[in-house]
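Reviewing the structure listed below.
As written, the chain order gives the labels A, B, C and D, with residue 1 at the start of each chain.
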């Protein structure tokens, strides 16, 4: 289940300190112009070492496209791609091999598989998201050809407004502690009619995609959890016929989706990230025999991932929207 | 995309005022004892007309199992089942055929398919959930044989605590208005190791399942959105070796899931429902040509769906957990 | 895995002597005219008791469409349907419960599931094909709207030409024995471009569909196995530009498919059926403990299934072709 | 649809003259010993330039495993792998860019996608099979741990017995012509109970897998097409209780599969390959405008692919069998 999507499918692979991360994006329509330099720029947005609070691990993250794009156009064939892991320092991670870090996946992967690659968290590392960003960057370019754009922004960081986040982050880092936050994502230009009954509702697929990003603990669309406290009359998005003859809604409490299908309004959603689980201070834990240990801070870790997560959120949104754009083509004979 | 699940798949069908709702539950292991009377009792929990604020539509909702269960045991073959629609009053719904109700799926289905069954909302009616409850009720019995139990409770109703919900509902109904709320769901007894990397994370699949329930606008697990405002040190679920030799965590901010895989603690989640979109008072809208209309209250509708939604939430949780229980069996040779 | 197809999916259920056979056809485009009387006529073609050599079991096989079609048009929603089992005489089959019939699935189902419904062969009965024919009959009507037609014919029966089959069958039945044969199937009007790389080749999907029909032991398309004995120069389908400006091929050794994708020529294939495994004479076998038994002829069985299999073959071909017709829509943006 | 399998899935990518062929094998159980040198030896069996009649294109075909195997054991994570294309001479293929070769996929890919990579046939080249062999080689090692072995042999070449094939091939090559043939494949040690109803029958999945190999035109299992000419009494595989207490069959006309499920006997099948479509002599054809052209022999091509196809057939068989071995684990709770 390292695959997502129905028509447009992304399958990814790679362990954090193995030779490479990569993936296969299958089902991309043929004849779509893709600018690989623009793709690299998009992928660079999630790189480390660029903002305060991010890990000092320095990966070049050069995207190698191995198939499916030729002479600047998609071929309709699967797009295989790689990003090499060049700055892996596995010595840093020997401790993980025999201990379980709290709020990490060490214990659960051991329980599941009976074996794990402890180097850098193996496949459970957030480094896997580089493959999502490569594939999503391609989907974003395809959507742009259709007039559809995706934008994610940090709307809450460490319990503070985005404007105060630098100060908050400074204090937290001084304590060797970490932050989480909330990212808002909006998709403009989605035509009405995308999304499938019953289990393929557009927001259900967006939720699954966003919840699959490491550290995400919550998802809502439109007014989300707030809607649960409102009366029905307060959140009705009344219809209006607009001057250009199209039908729209006066308000958008519903986040651009009704009954799981886009209604032509802006699609809005919010995604909650837990604070980074690796602290830069000693943490009590246990080893695989259950003996108490104290984990010393080491390795290179982010204190806050929100800025780096923006292209990841945009990537996942784009993959879902493009997939449903293609599915909709099959709704008529 | 009327199918959910990977090994254990549920495919459903049925329009609200067609002859029947139904489904096929495929992938159920063979030899599992299923008590059909108990199943009927479970399905009865979502019936209308049983609690204040629910629709007066009176369906018997008798479950007809057509295959896959014989002499009280599953055969390993697909379980086909039906629930007849016996109390459909389609005359009530002629207006919907030419108008779009706000916060309903009338407009989006029309945009998607160019045709729709307006009787009772057609397939977009929440009546489709009866098929989920039948299938989920079977999954719940299978999980019980494994010592796994699922329980949903209303934790917020119309902005109030559950204890105050009757008073709140009374006032809202007097105004011809409606309510939403939040349901909490807990799964006990799940062994460590369920859930798949990368896109098959247990909470991502739970999110997709819950978000596919009509009216759901938000999903969170563990501390959810609150976690976004906490520091890393505040939400670490420290490990402990217990007296019985097992490894657990002292707290459960993570909601029983780490890295998308169950850790053996209780799985906790919360699901936000928007207020019912059909008010019992006149509502301004437009018809399919965009002309203004006033929709008069008619038909039979719930003012609050939370009580009826409890078995639906439990059903969806059970289907996801049992699916992943089966998938886990394939993790070793 | 009671589901076939990617966009257009068919999920079936039902045991031979349970209450009903049925299925769900999901992914049918919306707005397609379906004539239910014509559908019933198509389903009637596979009924028993109509040709020499077929079982005397008398089923009415009335198709009950439960959803997805309204006012003679598809809604785009899943088409749920039923065919009741009305002439089940389970008493005939008690012997099967403790014995294994050779060339039947009794032993293998027991090995797989540890439990089985022995009545009429349970789910392993060829009666399951009624659900295929219902779904395929709907697909055939949709294809006709596109100018695509499917026709299956018996091209070999019991080692003889079709013209001699009545005489051959008479002799065989006098001996209490049974026959197999070969069915040819042609699909006219398929546009070029249907079929997917790499594992979704059109002929690979046709093969999987045909081989899933009970009793089928071989599949070939175009010149098939004969092609293996030819030189390359003997089977080249040279291109020609036709008077109407289209491009075609002079011959059609390739059966209308090149590289897994339709080339606009007639699609041709042949399907080999083994002889019916149930003889009308005593057969030695064993019971579940391995003790020798002699199975006496009983129940109602076909001596030759070829005529009844024609609509089944057509149904499976139609489902595959329509599925790929829909998939092709997603090949461009 | 560049993915095959249900639990064990293989997704491949790569154009013949692009940077690399590759794939992702997902769903492999964790903790399985894999010998990468042995894997390389298996992959080498399909390399060119090793037998009479094979292309002189000289690829090293070094397998690069990028993830999923660590310290000689599978991790349960997806196994990403690459094989670089090092000997691509694209200048040879400029003619293909504007002409359609008969019995190749040039025309059909153009019709499907409106664009294609003509270099070496692009994705339609048989070079894609290298990715199958890598993945299949891993599956074969896993099966060996279970006592299951797969063996393919040439049973007919150019209409002659394998013993005469060298002489036949020599004559054919002197004419600039090509050959096809038949490969038999046997799988030993498969336990009873593998294979799924209804559409997931073991032989249906084997058929789909084999028919997806380039040039394959026919598939049969057990006695296959011959069975269609036999009487039922001639092909009954009678049961016997063996000295070790197990139940087997006296004959194996059914090829080890009954009702789509393995019965513990050897699984046997035969696969028909058409003759290689590229002749080493001038061939008349048309260009994309429909003008007549004469294609001159160029490039490097096999006159007979049977020897090289053996590991491909074994690979596909192994992938299907291992997938169903894993699926069977989910048949009980």
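FYI, contacts are C-beta pairs under 8 Å (C-beta built on N, C-alpha and C of every residue); 3 or more make two chains touch, one makes a residue touch a chain.
Just so it is clear, the structure is predicted and the values come from calculations on it, not from any experiment.
Novice: Would you mind telling me which chain pair, A-B or A-C, is linked by more contacting C-beta pairs?
Specialist: More contacting C-beta pairs are found at A-B.
Novice: Measuring centre to centre with C-alpha atoms, which chain is farthest from subunit B?
Specialist: Result for the farthest chain: D.
Novice: Please work out the Cα centroid separation of subunit A and subunit B, and write it as a whole number of Å.
Specialist: From the centre of subunit A to the centre of subunit B is 25 Å.
Novice: How far is the middle of subunit A from the middle of subunit D, if each middle is the mean of its Cα atoms, in Å?
Specialist: About 37 Å, centre to centre.
Novice: For subunit A and subunit C, let me know how many angstrom lie between their CA-based centres, rounded off.
Specialist: Distance between chain centres, rounded to whole Å: 44 Å.
Novice: By residue number and range, which residues of subunit A touch two or more other chains?
Specialist: Each of 1-3, 12, 27, 30-31, 76-77, 112-114, 123, 197, 327, 331-332 in subunit A touches at least two other chains.
Novice: Report the residues of subunit B in contact with subunit A in the complex, numbered from low to high.
Specialist: 1-4, 6, 12, 100, 102-105, 107-109, 111-114, 123-124, 128, 156, 158-159, 172, 175, 177-182, 191-201, 203-205, 207-209, 211-212, 214, 217-225, 227-241, 245, 247, 249, 254-255, 257-264, 272-279, 281, 283-286, 290-291, 327-328, 331-332
Novice: Touching subunit D in the complex: which residues of subunit B?
Specialist: 7, 27, 29-32, 76-77, 142, 145-146, 197, 326-327, 329-333
Novice: Which residues of subunit B touch subunit C once you look at their complex with the stated criterion?
Specialist: Interface residues on the subunit B side: 1-3, 9, 11-15, 18-24, 26, 30-31, 64, 66-68, 70, 73, 75-80, 82, 112-117, 122-123.
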